[in-house]
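Here's the structure we're looking at; comments come further down.
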Amino acid sequence: MHEAPSSGWIDGRAHFLPVRIYYEDTDFSGLVYHANYLRYFERGRSEFLRLAGVHHTQLLAQDTAIALLSMNMQFRAAARIDDALLVRTNYDALHGPRIVVSQSIMRGDTLIAEAAVEACCISLTGRAKRAPKLLVDAVGAYLDPTSSRF
Amino acid sequence: MHEAPSSGWIDGRAHFLPVRIYYEDTDFSGLVYHANYLRYFERGRSEFLRLAGVHHTQLLAQDTAIALLSMNMQFRAAARIDDALLVRTNYDALHGPRIVVSQSIMRGDTLIAEAAVEACCISLTGRAKRAPKLLVDAVGAYLDPTSSRF
Amino acid sequence: MHEAPSSGWIDGRAHFLPVRIYYEDTDFSGLVYHANYLRYFERGRSEFLRLAGVHHTQLLAQDTAIALLSMNMQFRAAARIDDALLVRTNYDALHGPRIVVSQSIMRGDTLIAEAAVEACCISLTGRAKRAPKLLVDAVGAYLDPTSSRF
Amino acid sequence: MHEAPSSGWIDGRAHFLPVRIYYEDTDFSGLVYHANYLRYFERGRSEFLRLAGVHHTQLLAQDTAIALLSMNMQFRAAARIDDALLVRTNYDALHGPRIVVSQSIMRGDTLIAEAAVEACCISLTGRAKRAPKLLVDAVGAYLDPTSSRF
């Protein structure tokens, strides 16, 4: 059976997700349109959670979605049509409603982009709320023990 | 004051919405990525409704969204970065939950794309439901009196 | 090694590609935004070509991209966040510059969407051109022997 | 005649572009999908250039596109379907290939998002190159005279 989309894999504290570059990802410059890297980063964060046992549908059933507070991105090299990229995701810290994530995108040994992300659990009315136990339990084992960002 | 985004204008039964082509709209072939024309068609349908007095937030407050049933598209010519396009939208028929729309996209005198669209009112659980009175009242005056598509 | 994105698999004449639904794919109705199905269909057509031995970069090196002429889509059921979909792609006919493809998207046994697609080889200046030998050789074995659409 | 898409307006050093939120912009949380703010920021940068006399097609004719080096974004409040937003863009500095831009998005008096952007002129092969005279002449009058970021 080959029927499930890949959720990537976890190695130590880091999650890795392969991403292919399609027509939809490029722009007329021939390179990947910069905003699309945020889509790949979000796929990485979502697949990490999936492998750790949390689906967005479960969060939704607890009136919870994840919204971004800030994102600091560096675009290091350009990706192109047909490229096979690898998204690395580390959940570094989780405190109350806030989540700190560090991510990168590689093509082989070439660093394509990096992101430092702060996110937040929200209710579907848009208000910040503590991360549900489901999320804390799933991500807890992967946090950075030396993190002092909060 | 120039602060509102343009909702285009209605001329007879037809609505017209100007659309600019940006980086985000193109792909590495140098042309507009085909799926993006569906975004412009949807903007046209939404702005027609807005000028006719219906906002999606009002429909939402009545547990109504609009989902597509079918779309028959012809791509006639290519659009490129910086192009100024004009989306024409006609609401042709409205019957129970179903909505029939015909649309085209022009660049000056050049036909870029055409679409025959069937849509449907749904509740947010995804079930078909009759078009709310709000929608019927707003669109009624613009329907095609000769339409016999239902 | 798990480092490559999946290109799906070919079974008989048909290619199958698993696709996961992310935040980026949905809209405020809670369902997948309709234009995004065109992105999955395009991924399916591209991965079929990749497995058959043709990369877009190779076509590009021969001044060839693939543009759509028409697309007839039926939206049969709604997909949602976290869904695992399967895109089926059949290349049915190839004649001069024109390519005929039929596609569907399933979630388990549920038909989500279908598309009848006509595409065309173009040069990067946007003109139609015969399909390069590379493409004809790769796709030839998978065409529909009973096709009489041209 | 109402046929041109709005390019917004320039007031002092700042450019303003109205943007409407459509189905395509939202996700299942009911809010605007975060990566889409980068699309509005890019539209703002492009329309500023257009009003200042530079079209991407002209840059392209000089083998120049604009790629991002870094982007530091703060998401301050959520936007929703039907919202009318206003993108403010300031070109602060231009030095060799590099461009520094500061941007914000408002909904009325509410700050939705802010971005500090570093971009770079590239050739279509992806290499950094000095900003063409066309660009320097157009943007020069709007730069921040106190900028010392380089």
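In this document, chain identifiers A, B, C and D correspond to the written order of the chains, with residue numbering beginning at 1 in each.
We take it that contacts are C-beta pairs under 8 Å (C-beta built on N, C-alpha and C of every residue); 3 or more make two chains touch, one makes a residue touch a chain.
Note that the structure is a prediction, hence the values are computed from the model and not measured.
A.B. asks: Treat touching chains as neighbours and tell me the shortest step distance from chain B to chain D.
C.D. replies: 1
A.B. asks: When A-B is set beside B-C, which has more C-beta pairs in contact?
C.D. replies: Most contacts of the two pairs: B-C.
A.B. asks: What is the chain whose Cα centroid lies farthest from the Cα centroid of chain A?
C.D. replies: B
A.B. asks: As a quick test, compute the distance in whole Å between the mean CA positions of chain A and chain C.
C.D. replies: So the centroids are 27 Å from each other.
A.B. asks: With chain centres taken as the means of their Cα atoms, state the distance from chain A to chain B in Å.
C.D. replies: Computed value for the inter-centroid distance: 33 Å.
A.B. asks: Please report how many Å separate the Cα centroid of chain B from that of chain C, as a whole number.
C.D. replies: 25
A.B. asks: Taking each residue of chain C in turn, which ones touch at least two of the other chains?
C.D. replies: Only 23-24, 28-31, 35, 39, 42, 56, 60, 80-81 qualify.
A.B. asks: List the residues on chain D that touch chain B in their complex, please.
C.D. replies: 2-9, 16, 18-20, 22-24, 39, 42-43, 46-47, 50, 55-57, 60, 80-82, 84-86
A.B. asks: Would you pull the chain D residues touching chain A in the complex into a rising list?
C.D. replies: On the chain D side, the touching residues are 28-31, 34-36, 38-39, 42, 56, 60, 65, 67-75, 78, 122, 124, 126.
A.B. asks: For chain D, which residues are in contact with chain C within the complex?
C.D. replies: Residues 23-24, 26-31, 33, 35, 80-81 of chain D touch chain C in their complex.
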